[in-house]
Amino acid sequence: MPRTLITLTTDFGLTDHFVGAMKGVISATSPLAHTVDISHCLQKFDILEAAFFVGEFWKCWPKKTIHVVVVDPGVGSSRRPILLEADGQFFLGPDNGVFTFVMKDAKKFITRELTNDKYFHKPVSRTFHARDIFAPVAAHLAKGVKPMLLGAKIGDALRLAIPQPERTSRRTFTGTILKIDHFGNLITNFKATDFGAIQTSPFEMSVGLKTVRHLALHYAECDLDELFVIEGSSGYLEVCLNQDSAAGKLGCSSGAPVELTLF
Amino acid sequence: MPRTLITLTTDFGLTDHFVGAMKGVISATSPLAHTVDISHCLQKFDILEAAFFVGEFWKCWPKKTIHVVVVDPGVGSSRRPILLEADGQFFLGPDNGVFTFVMKDAKKFITRELTNDKYFHKPVSRTFHARDIFAPVAAHLAKGVKPMLLGAKIGDALRLAIPQPERTSRRTFTGTILKIDHFGNLITNFKATDFGAIQTSPFEMSVGLKTVRHLALHYAECDLDELFVIEGSSGYLEVCLNQDSAAGKLGCSSGAPVELTLF
Amino acid sequence: MPRTLITLTTDFGLTDHFVGAMKGVISATSPLAHTVDISHCLQKFDILEAAFFVGEFWKCWPKKTIHVVVVDPGVGSSRRPILLEADGQFFLGPDNGVFTFVMKDAKKFITRELTNDKYFHKPVSRTFHARDIFAPVAAHLAKGVKPMLLGAKIGDALRLAIPQPERTSRRTFTGTILKIDHFGNLITNFKATDFGAIQTSPFEMSVGLKTVRHLALHYAECDLDELFVIEGSSGYLEVCLNQDSAAGKLGCSSGAPVELTLF
């Protein structure tokens, strides 16, 4: 029987004991659970970016995986700790919108508020629910505790507004940069499938002070200094440079506006 | 039967092969052992910070866990490699004080010098005992080798002086910043249980050029620009900002003095 | 039976979903495979450094380990995805030279081009072969799929030129800095076994504007401000400082020339 997988995604960084404490609580509670690091370097306090991040990896995982996601500036306040069951996977984290993309893309989902402190690590601190609530509840789930024992269903889990491209004239759309990746690629919120016209017709994508007119299939086909658009592996149009940072060249960060014109 | 857990805590960073070599030696020696990363981003050469770090996570782990801790500027010198058994858990690392907090908090402990080179990875280098001594000994422990076969007991393992608050007048105490966490919170060496008076009476905590008078229960209850004191999840008083770095605002680093006045 | 180990080495960084997607694909395909992070912080696009990096850790691992290595600026171009079998271990990655040191050091090896898309994750993107080719093929290998089913043997896998020291006069050799490690030590390409004369005779090693004449056995024997040469744990001569960065003091980066004179 495969062990139960618990993935960890946080903004805790790598210089503190926080991650080691979470993993210890999980191992102490459920010796056969297996923790897997997704990332502990999410942008501090940035719930929308975390939501996008989780939206990008969860579908690669098998059913029954338990994902713990903690980007939680409201820890200890009245924000609720929740369990989300979506398409057979489980998600534990704060009710602050961090699961917005999962809820958008799941075929069906259920959310529960975690209220049964029988499954918490005592004493429950006001500032470290990752160790005291999410990690131990994940471990108990891994051991087979039924979700219904963790708390009652809720129907009003928080979902963030996801920025969508807007049509601003017959040929023109305004979007935004959802995220800048490690390589400096600008991931826009233009879904490649919604803007398939750029595959066959001329277009202009303007971001910062530059306008990009070239669609590439992969990075290496372009000159080292040439900005180009690519259909990224997440399904969004991206603005890129070959072996360099488009974000650096453009001086852009996430949230910057992008204008797309189709001819 | 659960596999045996071996945790890794180092200052090796993430850009070298050092961690991959350690994990390989462990896997080659003990195929059922399971390595878990705690952190490889501890402050280079900072033994006191490493000691504090280990002191914060070890109690979350189950008995029989093997913790390898390598912050070891004296590697290859006459400093001894040791095994510490504390409350049923095992610790391997240099005898330089890195286990000071574990020895302070454990109910009972035994230390041994690692002298039996039968369990080392050959040839033993002078500069990489993590690969050649600590990793293979951890793997042999995981396979069931008895601690007494690794070396004789010693009674004089090095322990660092832990900075303690001092009373400087009837109402005033001087402490220090033990550590600045990833979020910029200043962790003082004032134990919350020793200074419970601040829960009910006015107080002033001065650090850098600022004086803080507000005690908060969690981060989100405070204005974004307001410094406050919190009882942190480690049991120490911390100076914090909501969604920002108190250390950045105060221009402080670890070791800075903190003055607490109780009224 | 031990689970099958799959190690991951990439330049993906820690702020994106890339690693989480790879691990998910592996877990979904081969529930008993066990992923181990080597590093995701390799220098972006630097194939030679990645090749050196892999060359340093692979020999520590047991037979049957599967190593996925993705530093792949040519992803989606005509560069081939390959499987390398070397001394009983498996390596998956792009055919761009990233396995140069493994092929140099292995007693015997076989390479295959990965052409059987039955084992790929569909649809195969043009920019994320780590998720769509290397991770799923690794997982299928872990499940027991025979290498011959993955693609035909090739005999012309790309190997990079490895910079070698050159003799420039009777007493003098010119080498280069292969890598600067996390501690700022300069790893030269002078093999300690080839230049054993420095153990017994005077020498000078010049790098940047400094000349080093002292050979040390370990870091702590030297004054804090004194540059020295050490026989590093990888078998190369290194230029070091005790508890400080030699690279910082010398203003050097990898690729810088080093001159060694033997007297």
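Every chain is named by a letter (A, B and C) in the order it is written, and numbering of its residues begins at 1.
As a convention for this text, contacts are C-beta pairs under 8 Å (C-beta built on N, C-alpha and C of every residue); 3 or more make two chains touch, one makes a residue touch a chain.
The structure displayed is predicted, hence computed values, not measured ones.
Colleague: Same residues or different residues where subunit A meets subunit B? The copies count as same if more than half of the interface numbers are shared.
Modeller: Looking at both copies, the contact residues mostly diverge.
Colleague: If I superpose the C-alpha trace of subunit B onto subunit C, what rotation angle comes out, expressed in steps of 5 degrees from 0 to 180?
Modeller: To map subunit B onto subunit C, rotate by about 120 degrees.
Colleague: When the C-alpha atoms of subunit A and subunit B are each averaged to a single point, how far apart are the two points in Å?
Modeller: Chain centres of subunit A and subunit B, defined by C-alpha means, are spaced 30 Å apart.
Colleague: Using the touch rule from the top of the page, what residues of subunit A touch 2 or more other chains?
Modeller: If we look for residues of subunit A contacting two or more partner chains, we find 14, 34, 37.
Colleague: Which subunit A residues qualify as touching subunit C in the complex?
Modeller: Listed in rising order, the residues are 2, 5, 7, 9, 14, 34, 36-43, 53-54, 56-62, 65, 181-183, 217-221, 230-234, 242-243.
Colleague: Where on subunit A does subunit B make contact in their complex?
Modeller: Interface residues on subunit A, with respect to subunit B: 12-25, 27-28, 31-32, 34-35, 37, 44-45, 73-77, 79, 125-128, 131-132.
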